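The structures come next, written out as structure tokens.
Each of the next two complexes has subunit A plus one more chain, namely subunit B in the first and subunit C in the second.
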Partner chain A sequence: MVLLQLLLNGIVTGCALGVVAVSFALVYSTTRIFHVAHAGIYTLGGYLAWSCVTHGVPDPVALLLAMLACTLLGALIQAQLYARLERRGATHLIVLIASLGVLAVIQNVIAAVYSPNILQFPSAWAAGVVAVGRLRLTYAQIATLGISLAAFVAVLLFARLTLLGKRIRAVASNPFLAEITRLEPRRVYIYVIGIASAVVCVPGVLVPLDLGLQPYGGVTPLLTATIAMIAGGVGSFAGAFMLSVAIVVFQNLSLLVIPGEWSIGITFFIFVVFMLFRPRGLFASA
Partner chain B sequence: MDFLYSYLILAEIYVLLGLSTNLLVGIVGIFSLSQAAVFGVGAYIVADFLLSGALPFLPSLATAAACCVLLNVLVTLPSLRVAGDYFVVTSFGIQLLATAAFTNWTGGTGGANGLPGIPPAGLFGFTLTDTWQYLVLTTVAAALGCLCFWLVMRAPFGRLLRAIREDELAVAAAAKGVLRAKVEAAALAGAFGGIAGGLYATFLSFIDPSSFDLDASILLLTMIVVGGARTLGGSILGPFLLLALPQALALVAIPTSIAAAARQLIYGVLLIAFALFRPQGLLGERL
Partner chain C sequence: MRGRGCFWLVAAAGCAWLIGAAISPAGAETIHFGAIVPLTGPGAVIGNQEMRGIQFAIDQANAKGGVQGNPVQVQFEDNQAKPDQSVLSFNKLVDLQGVPMIFTGYSGPTLAMAPLATRKKVLMVNAGAQSDRLGTASPYLVNTIPSTSDEVKVMVRYLMDHGKKTAAVLYENDAAGIGGRDDFVTDYQKAGGKITGQEPTQFGQTDYRPALLKLAGTNPDVLYVVITAGMVPLADQLHQMGGHWLVAGSTFMSDPQAIADPSSTGLIHTQVQVNAPPELAAEFQKKYGAEMDFFARQYYNATQIILTVLDKVLTEKKKVTGQNLRTALFEIKTFQGLIPMEFNSNTATVPIAINEMRDGKDVTLTTATAQ
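After this line comes the complex of A and B, so read on.
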């Protein structure tokens, strides 16, 4: 029974993490920027929603407001920082350093404004429990599962069906060619990071409903998500999502034998195994 | 006076770390975010040996340096197989793993409470008790480190390392051993990190995981970005400037509850500003 419960918890958290992985993959496969600051946006989303909720805004509206703010911040980072760096001919290393700087700024602004301690969402509904047999799921978990899956499907459909989605994929597959057409890669990059920031806000708000908020809490999820993206194969959204679920389930099951503090070790072990045996990932496109 | 001395001592210890980080990030071009982990391993090894009385100071420092050489080589090895961004993940992961180990392996590290009461360093039967004596020790250590860095940089080996960063393929095609050069650079960086850790632990006589976490790695990176990548001057200037920052902040009335966050915030701003406006740092070459 414990096993089943852990499996279930793993699937719920895994789906949320899958959304982080998909949003990161969206940025990485298009812009080729290793957007570390994404972890900051993930955290910021949760805090903004928390602020709205404590000021009496209904929860769904708070989520939407946080998504809107994160979209703007993401677009700003691309337009004002990454684009400038690219114009100045900055190397990959410099862009990475700048992104790390943005992460440090976001995290510490949060820590200074909200305090570095854990904050809990005041939403009373989230703690309600549905029990099936002896398996228990909180309402927060059910919301996480449902909304995360919906967000994942929405991203897939968006990339496949909409004009902007096609434009993004075109730029991703050949930025050089895109430059001489009317696809305007630079503008597309702004849209991409904006959209990805909105998407990452969804797990950024949902996961803390259960686990609480911490200013420096975004790094580990992002690391796990990037590992899932690499293991799934860069460019494959479904691969990134599935691997996220698999890694988190594996992590949860490992709790039976290894204490939780070491779960980062498990994640990392998976990464090393992939690097050794299948560095291109499971579902890499040729 | 002691206040000034301890600033100088810490800055000199961080100069060793700056050299270590500069060697990997600046010169070979391996983006390592786990140098604080290596630093921590060195500190904990020396602390454990001295606390248990198993080894005197110099042998434990040598053991720490040897372990850090091994560790840093192991940590850097993936960069030979996985390129660029994948190594960022590796090094992020190693740093988080090390923080988890420092915090949770209470047997060896005292966990989150840290290790208090580390005995002072002793050299040839002479115990260093005064701050100025430590200053002499760290000055000698930092000077030796700088000399070593300078010699390596003007040797053919230094040119080889720089060539690897510019064009790894060309170096391999010229039948130079890329693998060997990277391993040797990582070993040297590891030795610097381990020795810095040992000096740090004995000087402060207390260590805890917060000195060796991801923020510490970011601080090391900030030091070389601000000071200047790839030059000796940059590796020295960066630590001295950035360690003066907390002192300067202490003069401004900032509530203590947000002082740590304010400091890290400034590091972040510095990273962004230098990346945008002066990627070569104050005294460096273009990254």
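After this line comes the complex of A and C, so read on.
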């Protein structure tokens, strides 16, 4: 029973991280920017939703408002920071450092405005428990599972079926060709980071609904998501999502046989060994 | 005309200096102390309480004219609860500012600074960290809070008296958590109890479910918790799991938000009995718009002790150095602040209570000392 519960909890958390990985993969595979500030947007989304909820806004509306705000912030970062740096010939390293700077600013502004305390959502429904036999899931976990899966499917469908999705894939595939065929890559980059920011806001709100908010809480999920994206194969959304779930489930289940302090170390050791044999990732396209 | 203006300016400044010298006590100068506490990061919740407690006591003393006419100032440094940052802050305060005394908190950072305190003869006062190693880390480190082992002794005795013979331990994977775990495991087994499992968590972590599930699988009577942050999510997740174990811990558990959380009902913990008189608590509330909680009271009390020690050093017309402050502290030995406290060693002896969180309140069940 403990094994089943650990598996279930791992799948829930893995799905949330999978959405972070997919959104990060969307940015990285299109813009080639290592958008570390994504972790800040993930965190900010939760805090904005928390503010709305504490002011009486219903939880679903709070989520949508937070997504909207994150979309605007993401687009702003691309249009006013990354694009400017690119125009001035900045290297990827410079852009990474700038992104780290944005992350630090977001985290510290959040800590200054909301305090560094761990904040809990005042949504009593989220703590309710559904028990099937001895298996237990909170409503917040069930919402996380359902909405994360829906967000993942939505991103896949968006990329494959919509005009903008196809345009993004074209730009990701060959930015130079996209430029001369008037697909306007720079504008697409703004759309991409805006959309990815909205997507990452979903787990940014749902996870804290269950586990609470912390100003510095976005970095660890982004780290795991980044590893999942690389191991899954850069450019493969399904790979990033599945590897996220696999990593978290493995971490959870490994507790049954090894002490917790070894869990993360062994998981990432396996990742390193895996990358030695398959450096392009599990689902990389040729 | 311009030369005459300068003359009057110089004359006026001279008069002002003479008048100032006449009305201020001879030799009055500002005395500088330091405080290295986490003001950002996951430890900032406690660090800010500590800062307020210190500053509140200092402001009160300065409002009464300082210590023997000398105003006191405390320079705060943010260590983010990190040992490496603490060492940098220590060197800055001691080498550049020349402070003779530093307030500290958190076991890892305090242990990192302890050898420096010994070498540079700077008194360090810890009122929040509880690792056992702090008791012997440096002759210049004094602790106004009992060590974890003292609290553990009281808790183990209570658990055994109530027939709780098997226990699992959830601990934070750092100096404070590991120290608490080791103390509990040793004392509990010595008292005839059996440890069924141990699981670590990381500082600032809020997802305890995997570790709790694993520990619940060992069917203990008691879950002993040694974490310094994230009590509210832990209480919520314990409640959602619906476990049938008694959850016990130390002073680390006394997070006001956790106490107020209905999920915490039934949790028991040891608690250093440092209480603020109502008028003092009201004044603090008025000044900071926040309750004077445990760590604010602890550091207020520690600051009062240091001000008493400073008063003795100044009375004896000694230089305010770390060495003289330390000697004066052990000469006074017994302090009656917010809590009676005696220094027979570097760690003060104080009464310890067993409290139960019940419907938003922290209710004292019994009080004892480690001895």
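Rule of thumb we're sticking to: the second predicted complex is superposed on the first by the 275 of 286 C-alpha atoms of A that agree within 3 Å, B and C clash if a C-alpha of one lies under 4 Å from a C-alpha of the other, contacts with A are read in each partner's own complex, and residues count from 1 in each chain.
Here is the rule we use: a residue touches a chain if its C-beta (ideal position, glycine included) is under 8 Å from a C-beta of that chain, and two chains touch if they have at least 3 such contacts.
Model, not experiment: these values are computed from the prediction.
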So, after the overlay on subunit A, do subunit B and subunit C clash or fit? They clash
Margin query: Between subunit B and subunit C, whom does A:5 touch in the aligned arrangement: first, second, both, or neither?
Written below: second
Practice item. Based on the superposed arrangement, let me know which partner A:226 touches: subunit B (first), subunit C (second), both, or neither? Key: first
* Asked: Is A:97 in contact with subunit B, with subunit C, with both, or with neither (first, second, both, neither)?
  -> first
Practice problem: Based on the superposed arrangement, let me know which partner A:111 touches: subunit B (first), subunit C (second), both, or neither? | Solution: both
Exercise. Figure out whether A:261 sits in contact with subunit B (first) or subunit C (second), or with both, or with neither.
Key: both
Subunit A contact check, subunit B vs subunit C, more residues touched by chain B
Next item on the list: Determine, under the contact definition given at the top, whether A:127 touches first (subunit B), second (subunit C), both, or neither.
Entry: second
Q.
Once chain A of both complexes is superposed, is A:43 in touch with subunit B (first), subunit C (second), both, or neither?
A. neither
Exercise. Which of the two partners, first being subunit B and second being subunit C, lies in contact with A:136: first, second, both, or neither?
Worked result: second
Clash check vs subunit C: of 117-125, 171-179 or 225-233 in subunit B, the offending stretch is 117-125
Check: subunit A residues flagged as touching subunit B and also subunit C 108, 111, 115-116, 216, 259, 261
Listed in rising order, the residues of subunit B that touch subunit A in the complex are 25, 29, 31, 33, 78, 81-82, 84-86, 88-90, 92-94, 96-97, 100, 103-104, 214-215, 218, 221, 225, 257-258, 260-262, 264-265, 267-272, 274-276, 279, 287
Interface with subunit C, subunit A side, in the complex: residues 2, 5-6, 9-10, 13, 108, 111, 115-118, 120, 127, 129, 136, 138, 211-212, 214, 216-217, 251-252, 255-256, 259-261
In their shared complex, subunit B is touched by residues of subunit A numbered 28, 34, 36, 81, 84-85, 88, 90-98, 100-105, 107-109, 111-112, 115-116, 215-216, 219-220, 223, 226-227, 230, 259, 261-262, 264-265, 267-268, 271-272, 275-276, 279
The answer for subunit C against subunit A in the complex is residues 40-42, 44-45, 48, 173, 198-201, 204, 206-207, 209-211, 213-214, 216-217, 229-230, 232-233, 236, 239-242, 257, 261, 263
